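Look for chain A in each of the two complexes below; its partner is chain B in the first and chain C in the second.
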Partner chain A sequence: MNMKGMTKFVEPVRIIAVVLIALAIGFVITALVSKEPVQAYTALLTGPLPRLSFENGFEIKNINRFGNWLEESTTLILLGLAVSIVFRARQFSLGAEGQMLLGALMTAVIALKLSLPFPAHMLLALAAAMIIGFLWGLIPGLLKAYLSVDEIVSTLMLNVIALQLFDLLLFNWLRDPAAGFVGTVPFPTSAVLPLLIPGTRVSFMTILMLIAVVVVWFLMARTPFGFELKMLGANRKFAEYGGINTKRVIALSMAVSGILAGLAGAHLSMGLLKRLTINLSPGLGFEGIVVALLARNDPRWVLLAGLFYGYLRTGAQIMERSSDVTREVVLIIQAIIILLITAERLFPFVQQWVQLRRSREEVVVEAG
Partner chain B sequence: MAALVEMKQITKVYPNGVVANKGVDFSVEQGEIHALVGENGAGKSTLMKILYGLEAPTHGEIWLRGRRVEIPNPHRAIELGIGMVHQNFMLVPSFTIAENIVLGSEPRKGRFIDRAQAIAVTEELSKTYGLQVDPTARIEATPVGMRQRVEILKTLYRGADLLILDEPTAVLTPQETDELFMAIRTLVNQGKTVIFITHKLVEVKEISDRVTVMRHGEVTGRVATRDVTEADIARMMVGRAVFLQIDKPPVQRGRVVAEVRNLGYVAETGRPVLRNVNFSVHAGEILGVAGVEGNGQTELVEVMTGLRPATTGEILVDGKPVQRQSPRRIRLSGVAHIPEDRLTNGVALDATIAENLVVDRYNRPPFTQRGVLSPQVIRKHAETLMQQFDIRAAGPDALMRSLSGGNMQKVIVAREFSAEPVLLIAAQPTRGVDIGATEFVHTQLVTKRNEGKAVLLVSADLAEVMSLADRIAVMYKGEIVAILDNGPELTEEEIGLYMLGVRRQEVVTKAA
Partner chain C sequence: MSLEVVLQSIFSAAFIATVIRVATPLILPAMGGLLSDLGGVINIALEGIMLAAAFTGVIVSGFAPQWFPGAPAWSYPWLGALAGVLVGMAMGWLIAFFHLELKTDIILTGLAMNILASGATVFLMFSFTGDKGSTSTLASARLPSLQIPFVNNVPVLGTLLNGENGTGYNIMSYLAFALVAVIWIFLYRTPAGAHLRATGEMPDAAQSVGIDIRRVRYQALVASGFCAALGGLYLSMGYLSIFQANMTAGRGFIALAVIFLGNRNPIGALIAALIFGTASALGTRLGTMAIPPQFVEMIPPAVTIAALIIYNIRRRARINAAARRFQEQTAP
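Let's turn to the complex of A and B:
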């Protein structure tokens, strides 16, 4: 078997093993803090599933929990796609959080300050979220490509700016002074995403998300741009030598990534809350990194990883509500999973880094 | 003569499963010059690393002066009188030569280093062994040949009786090589023993008393050098007969394909690296560029291929200026490039062979049609080229990382040659590849020339340039100091004089 075949076979097995180990450790922790650990853990593991009931004729119970899972996963998958694009090109952009906030902000501006008929209003709001995401990603992209500004620093700073812009506009312009909290009035229905499953908040965005998975997969696997992304990620100097305009690809990778983060923001405002509130969802932008890491930047795996991670997060909320275990325990389990997976990813990184340094030293001495 | 060192049944298996040595027996006698030869990956470096304590053998024993010894680290090796001079020098550039030599076991005066003593020690060693160095010069200001002498003196200072020299001539000019050989003979006359790792057969014949040949981790020959010919050794190395001489028909010079006019390049540090470079390459010829490494050859190639911007001057390909254009534009004008640093520029290790083969053409039909990339076409393309260029790998989807150096180079050659260039720039095309692949690359270069392409061959291996090129341009300190017609009357020594800057042509003909 060649190396690639091996990896293909070993990878899923390894990831499943990692998840099982993490869940086992999680159960041990649960057993330590809970009086009824089995019940609590069952809530975590099966909570998000709907239950079929035949007591009063056929009925599906807990559909809202199932809905929560899909809603959560939809956002996570969009963010995971966003991150997988930049990570594929080895650009460590952490800007999804800011792009998501501005995406949500733009939908509120369109929803509240324009009045249009239904599909147009919604589509315009979505487009605005995608465009602002693109532009907010383009900034660190251009800075990196042409001025060699480290993208980790620039995207984190841009996240701060985005958050302040968000608060500024919300407080001074968009907020509903009559509301008892800092938030806007509800969006007009013309700018709300149509509902897909009654009794939940699962909306048209879940379909858009599925389309996005296919589009991103196609972009990566079947277009010249996807090839350029991969070559840039594999070896920038090689890409340059081969004639690829790496500066353009660096800038575009971050910008295209921003489109998807912008959509995730639109999902929060136009699908889930149907308004804009302060503290929209702090830190959610970074959860996309977890999804992309779990999926090894492969859009097809992002779908599965997002569903898995969304399940875990929803189960956590249910466990918190229905047992004596706090959500923190689940956060610990999540953290352990991430730790196990990234630790294993770290290893080849370190190896490569050592090799790279060694080869550089050789060059220096030979040239010396 | 008694065996000084005996390595018995040495086997080395790396954690990743690579077997570098398989039951190797190796012995060196007191006072001899012993050549250890083999292709890249034959296991000779591993064997010597085991002897020097850098690697632990999986099986096997080391006997020194009739006693069994364990050598867990280089420190122990030095205690036992074994010294190694690596291919990549390990010197402190900002220290003087004397300081480098005593580094680690400095003569002291009270709590301070006794510099005068260090210099005296260096001078004495230098005199004893005929290795001339300037004790007070800083390493960064000294030429490569002297740095190597410093490395040798360093091991002698630590009391080495057995010196392992790892490909010591790779970075030297012919004159420097001669001097090194004289020094090695002096060392042996003084009672030292030398193991000389190389893959240059001429050197084996010239310097060694005995030779051990390795192939695929095993010893395939152990002979007295005077009993064999170069061809015999080559056969032991590759397991079959090789052509050491390249046959090529007389040159049929055609039109000027590439012309370089008054080219200058100033590095980001402000240092002028290329100065007023003029030459042209004609269809149907190989123009060789010789020179000690670091005299601007790397930058010349990178400027010509768009990887660095020219500061002044013009580069014309088929009459059209291409200076300061992007690598893609230059490639589209018909320039192909085999890069000097294969791993940095030439390949992406974590991409597949198929992907590596289309990095310059993925966005054109038939690979991309109406904006859609076709993995099948890319795979087919790879299959064809792999067959045509005899690339040995599991398949088009194998990762580049899994290939040997020679096969990686074949991937690069396959890509660049199949681009159908009018000008082919080959920089160090056979560095670090084995004899089989070297022969292959040489034949391919000559074929392109015979087909009427222009070939610019930049190589630090003078023998390579002299056996392939029709004309030879010599670079020294960023200038072309001579353009010579290659022929039987041109000698290595003459080129060497230009390479060292001793001599230069009065008028380096403008676009000769």
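Let's turn to the complex of A and C:
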């Protein structure tokens, strides 16, 4: 087997091994605190599956759990795509959280302050979310490209500003004063994403998400922009010598990534909640990172990684309801996955360590 | 009218006391982040370390009567603080280990630590107290406040030095200011400080003169874990006396901005933290008036971005000027 074939074969095995190790550590941690760890972990790992029942004719049970899985995965895949674009260009933009919030905010503005007939209203709200995501990503992109402003700090600060903007407009303009919580009135049906699977909240966004996967894949694999992203990610100096306008690519990578994060925000407001509420989903914007890492920034694998991680998150919610273990165990598993998957020298390190011990033992044996 | 009220409240001693309380949990992690950043290993996990230490301090001090039956009651907060600091240092070491030995990307490792901390604290809080929101059912200890004697009867000075109710600031606030001085002396007046800065600025050059950069970076990250842990302990054992899920609320990230805004030196970072603290205290105070507090809360991050822009424009101008001089000198 040639080298390229080798790495192609080794990478998936390594990633699967990492996931299994992380799940195993998660089980050990569960066993430490739970009285019924096996039951809890079974709920985590099989909970989201629908059950087929043949008792009174053919029937699918727990379709809502299956729906939760798809809903969760739709958001995660959009965020994973967003992160994979910037990571491919080796830009550490952490702005998905803010872009997502503003995307949701814009949908609320369009949904509640304009009245339009059905498809136009919904499409306008979606477009608004994508545009605000693009612009909110363009800011750190331009700052990095033309002024070398560190994108980690700028995106984290823009996240804070986005959150405050969100609260500002929600408290002072969009809020429904009659509601018992801080939130808007439900969106008019003309601005709600059409339902795809009855009995769930799986909506038109899931189809849009699939289209997004194809578009991002096409963008990365079949367009000059995709090639430029890859070159920039491999070596900025080299890309510059090759005649690539790296400044333009840096700025655009963050802006295009923002479009997808904005869509993820639109999914939360127009698809899942059908309104805007405070504390929309703190920290969700960072969840795209684990998806992109598992997928090695390849959009096709983002689809799979997002489904996997969405499955785990849904399973964790079911586990929390049916056992004495909280859903946060999935965050611990996620952290372990990120740590191990980025540890390029993990397996060589373990190998070295084992060899070292073996050679020491041999020395001891020879000495004895 | 309202401007007058605003100005009056800003220039009152009570307001300054509030600023110090709000800035303490920014100064401490910023000092930690500064150490690792100057060593060339940025620590994105300040947030997670604060959270983990805040949690550990509350749990250990709350369960100290059961876990350490022989220990006297006055030692409970200190046992909690010690455990919290150890957890913070362990997390710093773990980041160093993954980054330096296993060659992980330090930013992703830091993010993983943040995720780990936010998950593990809630997970463990539930198994210790049966509650996912806060540890309000647990009687945990508070770190003491220090009162400066004899000044309480002096009108302005009393409030300034001992806070509004004259009980003094939490010991962590004093520690924060002391730490700024200690770190300044360490960085600019000791050989070890010079080694740390050299490691961050020019690792190859540092190595060539015999500095063990791996060791320096381990130490820098462990030290940053120590400082960030103090900030977290202040939140749960001083500012409040309970742990709440995600109670750090982004302070670890703000601390990163504080470092950059402060031009990567301790005095600058102190000033930047006080600016953030002022804006935040002002936000709460203005909440009762016409200006929405969210608007005021937006100012510090916006200032940070503006400061980064100005810093980079000036740096670029300096580099261009140097290049021009070089060309003029070498031109025939």
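One rule holds in what follows: the second predicted complex is superposed on the first by the 340 of 368 C-alpha atoms of A that agree within 3 Å, B and C clash if a C-alpha of one lies under 4 Å from a C-alpha of the other, contacts with A are read in each partner's own complex, and residues count from 1 in each chain.
Here, a contact is a pair of C-beta atoms (placed from the backbone, for glycine too) under 8 Å apart; a residue touches a chain by one contact, two chains touch by 3 or more.
Fair warning: this is a prediction, and the values are worked out from it, not measured in the lab.
Asks: So in the superposed three-chain picture, is A:Phe92 touching just chain B, just chain C, both, or none of them (first/second/both/neither)?
Replies: second
Asks: Would you check which partner chain A:Leu147 touches, where first means chain B only, second means chain C only, and both and neither mean what they say?
Replies: second
Asks: Quick check for you: in the superposed arrangement, does A:Ile332 touch first (chain B), second (chain C), both or neither?
Replies: second
Asks: Once the structures are superposed on A, label A:Pro224 by its partner contacts, choosing first (chain B), second (chain C), both or neither.
Replies: In the superposed model, A:Pro224 contacts chain B only, not chain C.
Asks: Counting residues of chain A touched by each partner, does chain B or chain C come out ahead?
Replies: C
Asks: Answer with first, second, both or neither: which of chain B and chain C does A:Phe238 touch in the superposed model?
Replies: The answer is first: A:Phe238 touches chain B but not chain C.
Asks: Which partner does A:Leu20 reach: the first (chain B), the second (chain C), both, or neither?
Replies: In the superposition, A:Leu20 touches no partner, neither chain B nor chain C.
Asks: Could you pull out which residues of chain A sit against chain B in one structure and against chain C in the other?
Replies: None.
Asks: Show me the residue ranges of chain A that touch chain C in the complex, using the header's touch definition.
Replies: Residues 29, 33, 92, 94, 143, 147-150, 152-154, 156-161, 164-165, 167-168, 171-172, 282-283, 286, 289, 293, 325-326, 328-332, 334-336, 338-339, 342-346, 349 of chain A touch chain C in their complex.
Asks: Which residues, counting only chain A, touch chain B once they are in their complex?
Replies: 2-4, 221-224, 226-227, 230-231, 234-235, 237-245, 359, 361-363, 365-368
Asks: Sort out for me which residues of chain B touch chain A in the complex.
Replies: Touch list, chain B to chain A: 88-89, 93, 140, 144, 147, 171, 293-294, 298, 305, 307, 326-328, 331, 337, 339, 341, 343-352, 355, 358-360, 362-363, 368, 371-373, 375, 394-395, 397-399, 401-402.
Asks: Show which residues of chain C lie in contact with chain A when the two form their complex.
Replies: 42, 44, 98, 101-105, 107-109, 111-116, 118-120, 122-124, 126-127, 132, 246, 250, 253-254, 256-257, 260, 292, 294-295, 297-298, 301-302, 304-305, 308-309, 312-313, 315-316
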